[in-house]
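The next part holds the structures, each set out as structure tokens.
Next, two complexes with chain A in common: one pairs it with chain B, the other with chain C.
== the complex of A and B ==
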């Protein structure tokens, strides 16, 4: 799978005064993927997106979109021309109607796709004559998405697309993304702290914590390799450090010893057999558990 | 709806989808020659990634369960049912082997293990409980 990378960052750093928003972030987003960028609030997601789109400058490291350096003003223009973006705030002109803002936006983009505009106007059921300021939060999001999707862009960057939406509106937004990727040659990069949304539609993810990538890869590979292993001992669980690779976290509590492994569960079980556990259970792990175990607790 | 993968299950979605297609063939809900939903409509209906559906179909083709006809879509293969039985036997063999390895690790002899299997098949529950 040698898909070219649409977004690539290495050792990306961003400092705001004394605060470090990014501390060596690495990302690799292959073409054609729906890439979920997961992290807690304040983990560095929005900062990363701003750097990728040339709206902020990195303090160090490398960020490339379509192979172009995101920090260069000339490349930034080219990147923004080929990218559809909807920010978390869904900044839209409040005084326009839906029909006006669609016409206004279309005028800026020579590759505007009238067919997609029609498709999403119908799918999202947007009232053409309503003022933007009178739209509900869900409709506002759908309108921002329509504007981003209809531009004929190769890359769609969305910052928290489903935040604040009710489950039905969320599902409509996710469905539009899935349908869009299915019909167009397109890559979607979306940040979110909604784990359920990410695990539903993303094929690849990165979990960012305190400005660093802590987990990255194919979601189905992670589902296949991550395991929770639970050992029960006759007495108190013994102290042990594993030599087998793949141990992410261990918890000892009384007679129970629980291990989160990123892979190699068999080797870990084999190694622990030397301690004669009375029972061993190996269970699949949901993304939520991986997230909670790899992201540091609030301090 | 025939298929309903659960993204939170911790099992790859493409594998869940493959299992659900095979199950539908096993139960007769899908018959040889039946057409499967297209990749995009199914991705939209289930709201999952189209790449995931494509991967499941590719793997099913690889296993001979479906045939991908160029431009026409995916169809249940003629001998899918026979293959499914062979697959089940192979999977069952692995399950039995794992169970035996575990029982041996607990110090049971092969004779004792054989008696357990026979008792279970006979439906007798004189083995001291199932949680032992």
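== the complex of A and C ==
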């Protein structure tokens, strides 16, 4: 039996005046997964997170977290009680000290994990008596993460968790996340445009572009099924339209036809052989290429 | 803990307001003997018209301590400073704090957030209205005068209830604009406009928020301005309700 879904959206729409931020977004985040939500800047990632946590109202469609409607104020309280969140800007209360904001946040969560709070305070070297406004960007991110991880949450929602961090701080944050998820039973939903981050920790991904999901699934399945197929012809590559399913994007230049396939590479190769290419290469594809090609295919 | 957050966000505005209002009330009491001495040397002003009438009335009121406290304190200094600090306490909040998403990620409804902020702000405003009023009663014996605690409380209550309208207006405006300055300046502009309207209105008739705030009817006839207080309270409730509705429909 499939894992129950922690987050589920269907035909989710959001309009800001004349601009459409979400255009029928569909998501299914199974329980226990580490779900990377990839997209370019402005693709709709933050808007989706805001709708899921009741910070913005959907213009249409459905969004559910733990099976509860995200748009309902009462359900929203329950969703947020079971969810840890760290936003992209890591905006916290500048006028509080580290100890004050930890105490303040802990008061809202009956399942607050004092042990994790202590552990991350030590691991992140966060000075208890320092004002939040005096923290560096990296320290602020770590504090935001501490506040999210210690909530005893079943779901962790992180919006660009490593945004603005140097590589060392970014690695430290990712390692903390991986180690946390390894020891706690929880679902992680994080947005990013850092493909390396997603590859490092996610087991499932969705690529969103212009408010729509363009690719979604298990990262391992994607790695296994996505292929780049290159046909080289003796002369100029002939014009052709592939009928085989799974063709994401094709590109013809001179003697070379390049095809990105989401599956069914054998059928595509078979179809192209009728045109007698002089060579055929079928290669695995990195997530970065899948991302770039699927997003480019939408342009 | 939302109470604690509200306190941290507004404590300096509150403490500065309290200090200024206390200084204003204390200084007013202490200057009365010198004013009395001065008044005995001032000839009757020969000004005509409405202005002359007002100047004569102010001088007449100041000849008696109770009149002086009302004219100088409850209808001027405390009312003006009080309005400013009521507006200041009402501004800020979710939109201008810079950490709106963190606050909204907590398991509390937007209505809860607004309710606590309004309650904390009104509690501070109540202290700003009552404590300086009571200081007048406490300090009056120092200059050999007396000012009843009940009278001080009655005027403090009028100041609080009418001033709460400006507090609520500032809260509503703070749910419309994402910075601190526009709600603050708009509320002050509205308060100044209403004050001007009341100055231009006939003195012996009509209702005005500053007349309620100063407790004019209580001073002149001993009757609390219940209708004005009820209307002010209703206006505050309506403004706070509009703020809650606006906050709930907003996207962050």
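Here is the rule we use: the second predicted complex is superposed on the first by the 294 of 299 C-alpha atoms of A that agree within 3 Å, B and C clash if a C-alpha of one lies under 4 Å from a C-alpha of the other, contacts with A are read in each partner's own complex, and residues count from 1 in each chain.
FYI, a contact is a pair of C-beta atoms (placed from the backbone, for glycine too) under 8 Å apart; a residue touches a chain by one contact, two chains touch by 3 or more.
These figures come from a predicted structure and were not determined experimentally.
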Superposition on chain A - do chain B and chain C clash or fit: fit
First, second, both or neither for A:226, with chain B first and chain C second: first
Inter-chain angle, chain B to chain C through the CA centre of chain A, in degrees rounded to a multiple of 10: 160
Which of chain B and chain C A:285 touches, first, second, both or neither: first
Touching partner for A:179 - first (chain B), second (chain C), both, neither: first
First, second, both or neither for A:85, with chain B first and chain C second: second
Touching partner for A:32 - first (chain B), second (chain C), both, neither: first
Which superposed partner A:97 touches (first chain B, second chain C, both, neither): neither
Contacts of A:163 with chain B and chain C, given as first, second, both or neither: neither
Which of chain B and chain C A:77 touches, first, second, both or neither: second
Shortest CA-CA distance between chain B and chain C [superposed frame, angstrom]: 26
Shared chain A contacts, counted only where both chain B and chain C touch the same residue: none
Parts of chain B lying in touch with chain A, wherever the complex brings them together: 7-15, 39-40, 43-44, 47-52, 55, 105
Residue ranges of chain A in contact with chain C within the complex: 16, 50, 53-57, 73-74, 76-78, 80-81, 83, 85, 87, 89, 91-96, 100, 103-105, 107-109, 144, 147
Contact footprint of chain A on chain C as seen in their complex: 1, 4-5, 8-9, 97-102, 104-111, 248-249, 251-252
Touching residues on chain A, where the partner in the complex is chain B: 32-34, 171, 174-175, 178-179, 181-183, 196, 199-203, 219-221, 223-224, 226, 273, 283-288
